[in-house]
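Given below, in the form of structure tokens, are the structures.
Across the two complexes that follow, chain A remains constant while its partner is chain B and subsequently chain C.
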Partner chain A sequence: MSNPSKDLKVRYQQDLMLWRTPLLRIGLLTLIALYILSPIIWETFPVTKFLSDVGLTMTTLNYAGVFAVGAIGLNLLTGYTGQVSLGHSVFVGAGAYFTAYAGTTWDLPFLIWLPCSLLVGFLIGFIVGPLALRLRGNYLVVVTLGLVFLGDHIFRNWKSVTGGSTGVSVTGASLKIGSIDFRNLEIFGHEFEKSQSFFWLIWGFVAIVALLVKNIVRTRPGRALQAVRDRDIAAEIIGVDLLHYKTMAFAISSSIAALAGALFGVLQSFISPIDFGLLVAIQYIAIIILGGMGTIHGSIIGAFVLGSLPRFVENISRDYDLPGVSGDEGGIGGMISISSLNHIIYGILIAAFLLLEPRGIAGIWMRVKTYFKTWPFSY
Partner chain B sequence: MDSSKILDFSQVTLRFGGVTALEDVSFGVKSGELFAIIGPNGAGKTSIFNCINGVYKPQAGSVLFEGKEMIGERPVNVARQGVGRTFQNLGLFMNLDLIDNLLLGRHLKMKTGFFSGALWWGRAKNEEIKNRKKVETIIDLLELQPYRYQPVGLLPYGIQKRVELGRALSMEPRILLLDEPVAGMNLEETEDMARYILEINHELGVPILLVEHDMAMVMDIADRVMALDFGQTIATGIPKEIQDNPLVIAAYLGEAS
Partner chain C sequence: MEQLLQGVFDGIALGSRYSLIVLGFVVIYRATGIINFAQGGFLLIGAFLTYNFSQTWGWNFYLSLFLSMIVTSIIAILIQLLLLHRSLKEITAGGFCLLIWSVSFYNGNTHLVSLIIGLIAGVFIYFLVRGLEIRFGSSQSNELPIFGSIIVTIGILFVIKQVVPSIWGFAEINMGDPWGFKIIKAGDLVFTHAKLWTIALTAIALLGFFLVNRYTKIGIAMRAAHFDHEAAFAQGISLKVVFATAFGIAGAVAALAGTVTGVGIAQLTPNMDLIVFLAFPAMILGGFDSPGGAVIGGVIVGIIQNLTKVYQPEWDLHWLGVGFDRVMVFIVMLVILMIRPYGLFGTKEVHRV
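Moving on, here comes the complex of A and B:
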């Protein structure tokens, strides 16, 4: 069958390639093709039309993309550096509110406010980061939990910027790069809908962020982060500066979170404190647990699954009248509402994955791969 | 000060509250020497390492490494001076594979930061390849070829100990501190480890400070030995002198009254 010697590596470069095998390269090409074609064919091609009908619409995919960006940021901090943070939603919120303010009140162009929102996220993370030097494990979790309440308070009361509890509109933020306007995309005279152009915008960012973070984690700084996670004292003794790496992990993670927030803002058009509360923070944790801690593709898969699950559940319970579940948002006519059903499923998924497969979907994938690689032997 | 001493540990006293872990301990490691510290459990052997590394801060005394004071320095800065170390109960990064563990040993020899790392092409990639080549020489030296891509947490204990030695070695240390490198090993593994330690000491000329319980091995390979008991030096000398020293025998076997 396959010729084992053709996989022989003769140069270290081959060992360092991201898309090492022909199969992976085919996968990459498929992903690129999907990225370019999806918005065009999604509502017409039979397979994707079916997906769209059961809840996986373009808009759902766009939200999943936003979650993927944020989850990659959290995975860098929690999965790779081992610093569990419940405060991720605050960093996301900071990016979103900054976008609303810089894009609307200051009327900055896209290519200015976007890097600025990254910078804002970076600075906030840079301030919070050093806390992690003194606090470990559970204590850090509690402090970052405090951050959520602090953030919530600021979002609700800094009314001139955040619009208070009612929220603020983000529709004013420009999305123009040169002559391309993602709010009003026109290619060769064909006008695209917002959900289509946003797909290209958001998933483009998913790809860029995934690649950059993957590069970080496979080179010197990323190894240092993982050393901090596995054995911080030993890391320090071989020369890894804990203060530097913990601070940078927070800063970069929160800067990516701010990017996710910016995208979330322009996608949803309107933001309010409820979009950046404890539930959202837990959702991000759930994404990386389900997808796989310490993997980049896991963050994306997790975001994809947990991002589309609520819509899917909604559709199912609307179409098939599940026993005890009300078709109504308020829960009238049943024991629980659809949104509580979603929360219950979230909870069950987190618990189940932590108990049965702590390495998440990426871990299952790994096991399946090993099984077929070594078949028919078990080793 | 004797200038041939690469490490000069002099009159160090370390207390934790009312407990005195080290009391007025002095010794020196000459360049190229294999110096061993022996002593019963709790004698303060590992505390000596922690004082050199900057993990503990002794109340009195000085630790000069190549003429520079190490007390009060952060562990990172001690590593920058070229002090490599292994741990008694393993300080490996268990989820990373062997290559990554050894490359982490080269952390200070590499320069890639977050920015150039994220961009990958150019500097980061070249540095990865260059250091990978360096790491391969250590894999050769310690005969770790079969384990390159395995997470070190899954390797047998004896191999893990060897990986840790390799990681300390990939720092290109100017002195190597080995904390019980053969603890819990069988005879064969112990002999292998002794061979590697001698090879590093003789071939690469790295001075070694060794803490060990395995008396037979220490007496075989060490140039000089210091015996420690309850944080105090009881004898320093060549292995033969230590072996015959009545105080050492008493500390290990109890008083023959």
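Moving on, here comes the complex of A and C:
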């Protein structure tokens, strides 16, 4: 077991360090290796056949990555600043539709439309943010819920940009950085599939966003945000500018959401208003609850679990013929259909985690870690 | 002028449904302090039960409505008792019991055998979780945060939304129409029987609720619990009974709301619970904790929505799109909240630092 005295921090800088212990540094190296090698492993080795069978394909991982980006943004707003938002899917949608429009109609290059879509998200968050200054608790929840309906209406009716209820194609948006094109990536003469190159693109952004938000929350602005979460009036009294920090939390969170939307657009290559409805907003909330509110790694774990869960359930119930579950969409031949089963598991997971472990998977991890660290003295 | 009056009348009929839905929210919020998103689920259950009684079994419509209100309120109470105020061990054990029961039943065992296997598994899981809790400690707090309870009820809504179509199917079905297309004419105004009945039934339900709330013992207990949980508890009021009653009332009004919404030709669908989200502005307008505000907010929202629908084509506002009337309600809600952050009739919360 680790030596507890190693954890003694003598200077404040040590407390702020990102990769404190050798173990964490090894973990970092492993993650980097996994990031670079995963697509190649998936292609070459038959071991991954089993993983693909239970639904863990490259595409699933890519969707999980998109959800991770959005969830980190939402965690900054909800987990760290305490401003509950049921309207996160609108910000995501704004980014996705902007990508579709800027990439296709204006034909902008990748390195220009991406920052622009971030800017669009930032501006929308900047407008919505001040609402949180006057409303709190339940009222804020319902107002952000209203945003979802407002967004849905705009997505369905601003046909020249969004294509109405049928949706719009995002395939026109270019993904070229210099000579590297993520749509048909070629390295040393080897051509990679789209799902493999998207893995590098999307999880690269997950890493960047995670680092960015981690840096926000471990420095002065982050401490101010957490003070706002814990007791906003007290925070204001000790000199935290509520208007500034609440607005900024909304703006940054929604620009990260717009990034997630942009990635979602190019990954799915076709978007419609259904992709940005209330269900998606709840999905993002579910991810941060499951992963752990107020933790960065929690959002990634949550996105990973909830992003791959639907495919997992689908493949398992297809291969093993679960009792009472029918493979048919309408639920014929069984009690419930697979998609219903998915929704039910979703609902149960959310409810169970909130009731039983409000700090999420990150909380469970923390508790087990503490148990072993203080072993044999449990408290 | 006739158009305006007609629009207002239709708006009131629409708004009375919202009033009923919002009343359910407000009653639960006042008693327990949580927003119950599962209200939409109760509404679905109520509507489909009425359909089942009146169409499938061929009973009298009003009798079916009454029965469905009672059954729905019992279901609501059960959900509250089983899910919303329980500890870790109990919920996991209960969940496993149900799971094993259903799996075993579908594998061909009889209900009795399945139940016994399920119970044994449940007891086993109970002690397992207790052991784990003692070993690793538990981070479960006694009181869920506001946000947490909201998400729990959303989880319940998800489950109900999948269970209802698995029983009654996804198709749009006719609930039968006890009022048909009968109308009463007054000048140029047209009052359909369905709308008049909707308003009348709503009025009766609301009157009943306000009498209970004002004059009965349980009503007074509910008001006391809204004021201060601990103080009410110290005075000998059973919070369990208050919470259960609140859910019961909410279930009953939701069943009524579901039925009046689902009446007519091909109106009854498993997506009907979306009306609940349109009722949120009504709740905000009235203020979360004011039953009177709920009624007025519901009617205002209904009128705004209907008048928008009537005047949008007339004032050449087509570019705002189809279904703008629903969005208009949210816009009005936003404006009012900017002026009065606690709604028109809500209590202003005092924050202690």
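Observations on the model:
Everything that follows uses one rule, which is that the second predicted complex is superposed on the first by the 359 of 379 C-alpha atoms of A that agree within 3 Å, B and C clash if a C-alpha of one lies under 4 Å from a C-alpha of the other, contacts with A are read in each partner's own complex, and residues count from 1 in each chain.
Note that in this section a residue touches a chain if its C-beta (ideal position, glycine included) is under 8 Å from a C-beta of that chain, and two chains touch if they have at least 3 such contacts.
Just so it is clear, the model here is predicted, and its values are computed rather than measured.
In the superposed model, A:Arg231 lies in contact with both chain B and chain C.
Judged by the touch definition given at the top, the superposed model places A:Tyr139 against chain C, while chain B stays out of reach. By the document's definition of touching, of the two partners only chain B reaches A:Asn215; chain C does not. Set against each other, chain B and chain C touch different numbers of residues in chain A, with C touching more. Judged by the touch definition given at the top, the superposed model places A:Gly172 against neither chain B nor chain C. In the superposed pair of complexes, A:Ile348 makes contact with chain C only, with no contact to chain B.
Once the two complexes are laid over each other on the shared chain, residue contacts for A:Ile289 go to chain C alone; chain B is not touched. By the document's definition of touching, neither partner reaches A:Pro109: not chain B, not chain C.
Of the two partner chains placed by superposition, only chain B is touched by A:Gly239; chain C is not.
For the contact definition in use here, the residues of chain A common to its chain B contact set and its chain C contact set are 231, 233-234, 237. Here chain B touches chain A in the complex through residues 53, 55, 74-76, 78-80, 84-85, 87, 91-96, 100, 103-105, 107-108, 110-114, 117-120, 124-125, 127-129, 132-133, 167-168, 171, going by the rule given at the top.
Residues 78, 84, 131, 134-135, 137-139, 141-143, 145-146, 149-150, 153, 156-158, 231, 233-234, 237, 278, 282, 285-286, 289, 323-324, 330-331, 335-337, 340-341, 343-344, 346-352, 354-359, 363, 367-368, 371, 378-379 of chain A are the ones touching chain C in the complex.
The part of chain A that touches chain B in the complex is made up of residues 12-13, 15-16, 212-213, 215-216, 219-224, 226-227, 229-231, 233-242, 248, 252, 294. Residues 29, 35, 83, 86, 88, 91-92, 95, 102-103, 106-107, 135-137, 139-141, 144-152, 154-159, 161-163, 165-166, 170, 277, 280-281, 283-284, 288, 320-324, 326-327, 330-331, 333-334, 337-338, 341-343, 349, 351, 353 of chain C are the ones that touch chain A when the two sit in their complex.
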